[in-house]
Amino acid sequence: MRKLNVSNAVAALMCAALMLLPLYSAVTGNIFILTLFTRIVIFALAAASLNLIMGYGGMMSFGHAAYLGIGGYAVGILAAEGIGSGFIQWPVALAVSALFALLIGALSLRTRGVYFIMITLAFAQMAYYIASALSRYGGDDGLTVYKRSDFAGLINLSDRNQFYYLCLACLFGGLYLIWRIVNSRFGLVVQGVRSNEQRMQAIGFHANRYRLVCFVISGTICGLAGALLANNTDFVSPAVMYWTRSGDLMVMVILGGMGSLFGPVIGAIVYLLLEELLSQFTEYSGLILGPVLLLIVLFARGGIMGLLGRMRRG
Amino acid sequence: MAETKMTETLLAVDGIETCYGLSQVLFGLSLKIKSGEMVALMGRNGMGKTTTIRSIMGLTPARSGAIRFAGEAVRGLPSYKIAKLGIGLVPEGRQIFPNLTVRENLVAASGNRFSASDPWTIDKIHALFPRLAERTNNMGVTLSGGEQQMLAIGRALMTNPKLLILDEATEGLAPLIRDEIWSCLSMLKERGQSVLVIDKNVGNLARIADRHYIIERGRTVWSGTSEELIAEPDLQHKYLGI
Amino acid sequence: MPDPLLRVDNLVRRFGGITATDNLSMEVVPGELHAIIGPNGAGKTTLISQLTGQVMPNSGTIRFAGRDVTNLPSYKRSRLGLARSFQITSLLKDFSAIDNVALAAQAHDGHSFRFWGSARKERHLREAARAALERVGLGTRADIVVSQLSHGEQRELELAVALATRPQLLLLDEPMAGLGVTESTRMVALLKELRKEVTIVLVEHDMEAVFALADRITVLVYGRVIACDVPDAIRKHDEVKRAYLGEQHAVTRHG
Amino acid sequence: MYLVVEQLLNGLQFGLLLFLLAAGLTLVFGIMDFVNLAHGSLYMMGAYFAATFVAWTGSFVLGALMALGATLLLGIVLEYVALRHLYGRDHLDQVLATFGLILFFNDAVRLIWGPAGLALPLPAWLTVPVQIIPGVYYPAYRLMIIVVALAVAAMLYLVVMRTRIGMLIRAGASNREMIGALGINIKLLFTLVFGLGAALAGLAGLMQAPILTVQIGMGENILILAFVIIVIGGIGSIRGAFMAAIFVGIIDTMGRAFLPDLLRKVLSGAAASTAAPALSSMLIYLLMAIILVLRPEGLFPAAKR
Amino acid sequence: ADSVKIGFVSTFSGPTAVIGNDMRNSFELALDHLGRKIDGKPVEVIYEDDQQKPDVGKQKTEKLVQSDKVDFIVGYIWSNVLLASLKTAVDSKTFLISANAGPSQLAGELCSPYVFSTSWQNDQTPQAVGTYMNQKGVKSVFLIGPNYAAGKDMLAGVKSTFKGQVVGEEYTVWPSQLDFSAELTKAKNSKAESIFVFYPGAAGVQFLNQYAQAGIKQQIPLYTAFTIDELSLPLQKDNALGVPGAQQWVNDLPNEENKKFVADYRKKYPGLRPTFYGAQSYDAANLINSAVVAVKGDLTKKDAMKAEMEKVNFKSVRGPFKYGNNHIPIQNFYLQDVVKDAEGQLSLKTVATIVKDDQDRFHDKCPMK
């Protein structure tokens, strides 16, 4: 981490900018940029969690949006049932996400590669259809969260700045956690398994156990993002679990750079910002966004972070 | 084929430099093979033998220098064009097609591009390696290491090349089969086949190859005939560690 | 003879119509270097894979250090002290050489559900790894990414990885293959040294090495043991000569 | 009983419809090992081309042929300009690149043809129901789809599994470098095969346009279905894809046809009426998940890589 | 403020952009008719694309409220997008006018002084169809609809008014189902006298294709809600001929405003025809106009504006209507049919008035009295 190269510089700059954003918003009176970035930060957290299993663990989950939904529904359903305390809602959101990940992971990890992609997709789609069938909680019309999670006055989630900083803290916390994990014994094993499972088994690692734990950690972090998202949107609906959403998360990760710590954050910022900005200029944003993605793949191996990493050498 | 004159240069590599990314591996390496000649490439692990062959084949294109094969400048050509000019490669590490059956591996790229009078056919390969005949409908991936090696050799022969390149082709073969390969190579040489061979068995090489090149850190440091090689045990000790 | 360290009884493994291991029984006693030879496709690699658990037998039993390991998954066998090298190189290609070896050391140093500290900073793992690399002659290449090592170097790394698990029984599948003359010589020397520390099963087609090293040799043909004896007896064994050695190796003598 | 037979027939023909969809993808993804999300876009382009050309020429057959040619060409151009650089790369790079193409094609179509979609009416001779056995009528056009799907299946199987070209494609997919070193111009071959895959996508699009719709985004849900088919069948196996398509077609149709009544017998009315639709919506995914849990490499695993 | 700022949230990308476009076209036309000024002030409209995703719609709504500080927000095709966006608008006391979506919550517990609808509550249209089927003496029906909230609402709506027997009820996978042959076979074999379906957009085209091709059209008549409109008709073509549906607005309603709306629309957008989505958007513009005029441009007088809008003090293209306590219209529903018009083109035609002054069944649940 000590090396001062372009990609690290950009990452540091990015973190600083994210920290100072509310200040900018207050000075210029541009509230919306804060709203926009709150959402981006939440998606960045979700993408970072996906990166943990995809970039480091080699598990291409095409159902990661399911955890956004599960975390969100945990908050939404508890709120609807009159339990407004965040001290209950959030642990439940994390626990349910973890449990779901454990179940899905245990079943899915029998498969590899594209089969894994498709089986995770299948489970996420099932979650989607189950949520759509929850007519008590709005079915696919979704569920309005009337009151944001209540943390006994410690922090007020309805306050824009406070909520933004909470999301940012979660993002940074998540990234730090991922960074530690990746460099830990556990992380090395997971990365080793990605590289050559047979070899790891032969030297004495129970590959799937490590994979599964990694999968659960990732799902839990994404569940946290889901809880944040539900509070941010004041609303949850099955639509957050639809496969296109999982696809969006994947795109963010690959775009930013798989297997690099800040890659998914950059990916989320670029992708969502581009989407927002382009839609201001033109209704045909795909005509620009599409080729941009293609060009990034063609000319920047390893996504934007990969590109930045090579800039030094020219 | 038998008529080809030993005087004609088939392959001429002249001062090539090759890099993997930023690290340079070959530093102005040169070698020459005449038609009908069998040439050996020797050197310790990691000295650049395989890289030389990859450069010749255009798999890792040389950055500078010249490579001529059968009268054509081939540096910079895509590898399939170079191969089409008549090079058959038995690559290091076998590289058979795992998702094709043994038979398919043999016939997929086979052909008799230069209308050899007595071309290799699947039956001849089976006669050479009876083991392959027994496994003809098995997927490549299920073969044992040695069987894969036989398959790789058979596959290269099936293209009926002007120049056969063997990169550690006897690795992992049982002694009987290995002997078989060596006698096959002598037989091929007799018929006028040009061969470039990398192998660690210096004894056998000295017996059947015409000339030898020793590579050290990406340069040819010595070249000469078998007699010269045997005459200079120092050389073997210095560069090959024997 | 002491109690066998490894004991295989009536092992059978079929692939479709092929019987790769055919009712095979054998023993490896502690401290010996036991070579397994046989023609290509005789089932040597398949046997090793069954011993270490990559391939499960159709029937038969494998006992290791007095324990029935027939149905244990490979990672558990590794923990019991079985280690192997692969004939077709199988390494973590995008890791550096030392990481490959350090991971092997880590696997046998308590559990790896440690999420916090940096594993690359654990001194004892790194040092163990470095020692193993030095031993196989890759000391100077420790920080090179595996995919950038030459073929021969990768073969040496295979052995270093197996060594780093500090096994009781080391199963080596053609460690000599792909090595140059110098490196082969060095490998033979290394194995001579190693055999003092650990029991070794060696699969190899390099007869000079086999005859120089082995205490006993088992000969496999079509999945069956056709002979199991000391080197000199094997050398003279008619059937072995016919099926495998040919005349050349039968007559030349070494050391 | 009669109802069951008719539903079976529906399932069979739906399965063949699915196979038609999956055919091009089997070639490009299953055999060439290239994850082409834009397959759905090519499918869409096939339908739009067909609707346009049929309207121009006034002939269904002529328009369809022109549309086939156009998608073939489009596929080749796409491959030549961009996608050929991605063969050796990680699957996920291919995912991102072709995802970009989806965005591009959707908006390009909206720009060119407008957001409203197009109609591709059938010629009169294809609208009459045909009597297949006494008393049972079947839409003529659906029969035609069955015939085309079977023909495509046979052609694919023969080309890929029984010819030298097929071997070369499979070899090239597993080791491009080596096949080149054996003197094969794998680039050209892949371009042509990709074009063929595109044409098959186009064929699926134009064949289905008259019974489905010609709409922006029509390829996306279908793409998922096609992937489901291929994965259930076992990647790389044409036979697998074919069987899986029919299997999924029948299970899905039968499930939708009989599951609700079955559930109603087991559960209370209210529970059944919420559970049944949810369950039949999930059916395909449930099926895939179960199959993959039991057989992690699909029903007909092709040889391991 | 020296201008009237209006935010317009609808879908402008993807396959359903066609609806968004029609809504925008009609809204623009309404502004043209108003001279692009409201109470003498210039009008500024900001169109935002919700991509048919609830969270995007919510974000766009927030942008309009926080960043653009609009006075009114109009639009919303989809119930879930509207529901996700509602809180933002209501909390900021910005008037929101739903020009299409009509989930039951909006009519019931979520009704708000700041929210008005120029469309309907989801159930009203199918209820009208059910009533019409009673009027025609239909004895039994087979119901088919997509398995999502609106689909269930629609079938429930029919059932709530239809007096005959419901012999079957099928839900299909939304939005991905391609093939309806299983359902059609079931319907055919159920011996039902009629089939009712709800399939909006492309699915409607697909359903009608397969219904006609399977030869069932000759055997069992079809009744629809939101399945045939001016957007889908060009794709459905003859398959839609003679298939009835119900709507609160049809292009040939004989009032002056409507004639002007339809004629000018077709003039301004050659080749296109207005739809009920457009009519609702057109009304929304006029509703806004009436409110701003009433307070003489003082947009801070929210109560007065609300009171004015409740009076429906403008001429709607659907003819006169009133607002219920929940700000959902109390209005007529008409029977529409597909016929060949004078130009030989397929078009929708009003056949009869099915119900007069229909009020949704959720208004009791609305706390506003």
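Here the chain labels run A, B, C, D and E in written order, and each chain numbers its own residues starting at 1.
Keep this in mind: contacts are C-beta pairs under 8 Å (C-beta built on N, C-alpha and C of every residue); 3 or more make two chains touch, one makes a residue touch a chain.
Keep in mind that what you see is a predicted model, and the values were worked out from it rather than measured.
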Third chains touching both subunit E and subunit A: D
Label of the chain whose CA centroid is most distant from the centroid of subunit B: E
Chain of greatest Cα-centre distance to subunit D: C
Distance from the mean Cα position of subunit E to that of subunit C, given in whole angstrom: 74
Between subunit C and subunit D, centroid-to-centroid distance (C-alpha), Å: 48
Intercentroid distance (Cα basis), subunit B paired with subunit A, Å: 51
Cα-centroid distance, subunit A relative to subunit D, in whole angstrom: 31
Per-residue multi-chain contacts in subunit A, two or more chains: 132, 135, 285-286
In subunit E, residues with contacts to at least two other chains: 13, 17, 147
Multi-partner residues of subunit C (each touching 2 or more other chains): none
Touching pairs - complete list by chain label: A-C, A-D, A-E, B-C, B-D, D-E
Complex contacts: residues of subunit C adjacent to subunit B: 15-16, 18, 37-46, 87-89, 148-153, 174, 177-185, 205, 207, 243-246, 248-249
Subunit E-touching residues of subunit A, taken from the complex the two chains share: 30-33, 35-36, 39, 132, 135, 138-142, 144, 146, 229, 233-235, 237, 239-240, 279, 283, 285-286
Residues of subunit C touching subunit A in the complex: 52-54, 73-76, 78-79, 83-84, 86, 90-95, 99, 103-104, 106-108, 112-120, 122, 161, 164-165
For the subunit E and subunit D complex, residues of the former touching the latter: 13-15, 17-18, 21, 147, 169-176, 178-179, 181-183, 185-186, 189, 202-203, 205-206, 209-210, 213-215, 231, 234-237
Subunit E-facing residues of subunit D, complex: 3, 6-7, 10-11, 13-14, 17, 106-107, 110, 114-119, 121-122, 127, 129, 137, 139, 141-142, 208, 210-218, 221-222, 224-225, 253-254, 256-257, 260, 273, 276-278, 280-281
